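Take a look at the structures below.
Look for chain A in each of the two complexes below; its partner is chain B in the first and chain C in the second.
Then we have the complex of A and B:
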């Protein structure tokens, strides 16, 4: 099992280094362990998180790609779909059959043909367009909905923090 | 009263056949007895294992069409539910039978037909109707047999093998012999080594195997395994799963899951709820009357709870919820509290004088007469204003809300009483067993002693009916028929308690023949009255006698 997961991760790593999408850098933390990756995500233009570089961590299960990896922000992020502890809540990372909030159809969720690249791209679009209907961070959700300017201010502060300013 | 002439419909039984029978037998010489025992031993055995006999009888009834109405005693003859239990093997056979029956008409690959049947909840008629009357494309799409945007309509009768025709998802480049990358493991394979469904998503066999294994073993899915491609809702059919799975234990588990989902989807099948029993019961005309599984467990087919005649399933759930929620609490409230005359808040007086101030609405009133406090002036400890109009009104209001609570407690207490007595069931059977041994020690034959067991059987049955008749009565609005029902119920209750008391008595050699007659009479009587109660209730359901509160 782990053998096929490793092969697949190697293939994906190769593809990502050869042809990586804009604003995304990803790779294993160390050459010894291919099941723990680190990815840098740039905040997309024209949104509260513009310009920030966020460090994230991806942990792959041994039966990858049959089960989805777990993704977590290492940098501090204030976002409706990111739990306060950094875990990301997007449908693509949920296995079909387990839907903690009951908002997603099976088609939106993880399937073995999804890839790391697709996950990271979904996270980028999630940063640009939060989904306040199934919030993970309720405070962020509320602020995003009711007081957008304050939300933007908080986000910008965190962007600067992520850049070490 | 309207009740009296109606009641004649269910005349009280005057005579018992068994009475004559038992008396005459006792007067026969003992030698003759031995003869009877020897030749009738088989009959007796059959009688003792009643559960089995019931099932056989019902199976016969099932096969010999529904016209065979039992014409036993009673004016209203309600048709008993026809049912039979199926073992694990017969369930899957049943499933294939249904598929085959439909396939005689359709001539489609079996896996397709099964998926179509699942989409129609195993209703053959509905499927046939939709297949010929409605839009077949829609039907096939709903059953997840064909992809959402399928170009050419094709119903080829080949089995679901790897298709060489390319579809949108696969790309026109995929031809036999060419290399193709599996989207799951990202390795290149010769196209011939890859498999896919109607939707045209192809993966290597290894990835299929591990994907299906995870689905079957970890997630326990069978009918709902979809193509691994994202946003593809095509269901992987049984034949393909079995072809692609390599390990026999996974296949076995898959087949088990298929059977169990068949039972779950089929509206006329239920798993027997008894622990450890692997039978399912097939029943086409489910009713309130319980069904008996081959393992001997009887249950209500509709809700899988224990038999609960005469109350309807939905009222039973409501009743149980109500009891769980507040039976003890309301008891306590009833004993220890009064309500504020203004805001109806429930108040407990835990000390002090009669001058009460409600903590919610600040209303000041007297604990004794429940009237306003102001006219009481300075008489803190005694109240002489009990008969004033205001205090009377306040008490009337209170009385109304208490009456509702009283009513609930009335029914609840009786329900609980019977339930507690029923829980002693195993003790009763133990007692019956020892009593039967005692009797045998007094030179009473084994067969003759069976009347004790029979009495206990009937006693338990009556208690169960009585118990649920109280939740039935709780939701009932009063009318003439409820009087008849209550009379019937009261009569059954008295008889049941009497029978219970007879069974408690010690039997000595002098009282034996007398006792036996008494017990047998009462048993028969209880049985009849129990049936009368139920038949009256059923008649009411059929003719809409009953009005329910809420």
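Then we have the complex of A and C:
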């Protein structure tokens, strides 16, 4: 049997397949490489991204779960906490040594207790409630704060785009 | 694929046409050959044909041994190729007189071979990620590894022969390249062996990572030695080999990282073994029986942290190599165990030796008792004068003056060489038992002292390497690491440890300081740091990966700093990001940090104007980089100018540190 990282990923895959949380589908891109996953996230209700289906990509390090995976939106997303290139900026994806924006406390960082499911749920709640204190996308941050209706319009456009409309 | 086939067919047809035409004109082999080689046009066609042939061969070999490449592999290949191209150009600047057809061919061939080395390395690393490894994978991997090793060896032999017969030429460079590739191949092969062993067994192989690190350390060390000797050799006979500067830096960094990893993992294991008890059966049954780290059932070999959370020993060990806190509740286990230790020591001081005896009585019961026993270190020689429970003849017990050879059976004389006990009365036996017990206790105490010495040596090593990692932030980080040692100040002051402490004056909790030492540490490591920093400037500009950034600094530690220093720190970070990190800045800011922690911080004098000036100078130099000789001259130049700032920073540092010492 291969390393413990693979074992844990298999375990998480099994668990996610058996009872996946609402609005989330996740699994490895191919059965040959369990360290690259693809996840579909549905925009939660009552927010600008409602109804959208966003494709994301998770890349796991070989020492998972000791180090966090990297997460990236493949679909285009305009959001204060998503970098323009799609990388997701949430605290549980950072190790205590690495704090790109310098505001997070150690308690909200990555630890092996976290799981893929928790990451995805955090991203869903991030979509619903952006954190404009730590902007990864400054334009989105500014628009979210100053011109909410325009932000909603842009988000709705992207939702339609994500659905292929 | 299609266009390549067309191109191949077209060039082959063209070559056939040209050769056929020449032969039809000349009708003889040698005249045809002379004709073909003298005409520029035919020669051009032949070169194109050779290039296409090489491409076809490479593709065939690639398909044979690697199949289709994954996207990540292609990406890495392209990235590494760019570095290779850059280094080749730097190399060409030195060997432009050798710039001939043969040279180009050799470089192209080298590139192809190198690309295969990169690919197989990538593939072997991929083994760890895939649950499905077919037998063809093993066949392919082993055969390509041996093929590459054979090519490397052949070329090394050739260039060695050339070095001996023709003297120093460009062949040295190729000889080095192939030797390095041989080492990389060896590394890959050893990784492959380890992965294969791991794949065979059902359970994850815990020690694999440790073995992998040892392999990395061994091969890294060999690479580093090779690069260094090559560099010295080249500097001696030809010029400064700038083309390998980047790789030397990366190799050194990688080597340092593996050494760090091994040290931290040793420390983690030691902590696990000594500080935390094994979880009992009841605890395992009572707890949720899934280890939160690996998501598997906990049946055996589990540890319980002071916060009552239970994990697999192996999982916890690998986690502690990264962070010293509980994965579930993030309780800082190190500080907790330190306070636990302090409490115990206080208790011992109050109750005296009986407490010690009970702790050691538990030692005989094994299990939890044993780890508890080791958890409480013996009382300090200075704080509690040890009671004299020893028989006469056994030397007075002072932990640090007693060398290990005192460990011989201490009651040898009294017992007459272990004679029979039959003739003794019950009372006599009981008193003998008491003696025996005291002796055993004394031995345990001595062993513990030795262990503490070793531990502190390990801590020193860790600190030392932390200094190497965080250079500028050295004082800051080490102060926190040595906080544990700080509790044992009197212990540190003992003469046996002095030589160790001389190595790392910056790390001291203050009883000794730089003014006591012949040379302060920053000055000692300055010659090492200087070339690296210079290289980092021009070559690695914009390479975030290889420059020291704020990310490496633990934010908690940085928060401990005083507010006022943050501005200065930011400025320094900016300098780092631009790859224009200067020593003067580092020293002044780290000194002021140290001063700040000591409570008497004078503001560092790394004035922005001076920094800017230096920066400007560096930039100018970097822009005037057309030829290697100029670069070399500029390097020497800036080295001397930087050493001036060094001196300035050094005096500055010591002046800010001196009040701290007086405290």
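Throughout what follows, the second predicted complex is superposed on the first by the 163 of 165 C-alpha atoms of A that agree within 3 Å, B and C clash if a C-alpha of one lies under 4 Å from a C-alpha of the other, contacts with A are read in each partner's own complex, and residues count from 1 in each chain.
Simple rule for what comes next: contacts are C-beta pairs under 8 Å (C-beta built on N, C-alpha and C of every residue); 3 or more make two chains touch, one makes a residue touch a chain.
Note that the coordinates shown come from a computational prediction; the quantities given were computed from them, not determined experimentally.
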Does the chain A-based superposition show chain B and chain C clashing or fitting? clash
With the two complexes superposed on chain A, say which partner A:153 touches: chain B (first), chain C (second), both, or neither. neither
Counting only touches as set out at the top, which of chain B and chain C does A:111 meet: first, second, both, neither? both
Could you tell me if A:4 is touching chain B, chain C, both of them or neither one (first, second, both, neither)? both
Per-residue contact with chain A, leading partner among chain C and chain B: C
Identify the partner contact of A:34: answer first if only chain B is touched, second if only chain C is, both if each is, neither if none is. second
I'd like to know which partner A:63 touches here: chain B for first, chain C for second, both or neither. both
Jot down the residues of chain A that show up as touching in both complexes, chain B in one and chain C in the other. 1, 4, 7-8, 11-12, 63, 65-67, 95-97, 106-107, 111-113
Chain B residues touching chain A - in the complex, by the definition given at the top: 183-187, 201, 206-207, 210-211, 214, 219, 221, 226, 228-233
Flag every residue of chain A that touches chain C in the complex, lowest number first. 1-8, 10-12, 31-35, 62-63, 65-67, 95-100, 102, 104, 106-107, 111-113
Contacts from chain A onto chain B in the complex sit at residues 1, 4, 7-8, 11-12, 15, 63, 65-67, 95-97, 106-108, 111-114
For the complex, give me every residue of chain C touching chain A. 70, 125-132, 198-199, 201-204, 208, 292-296, 314-315, 318-319, 322-323, 327-328, 330, 551-556
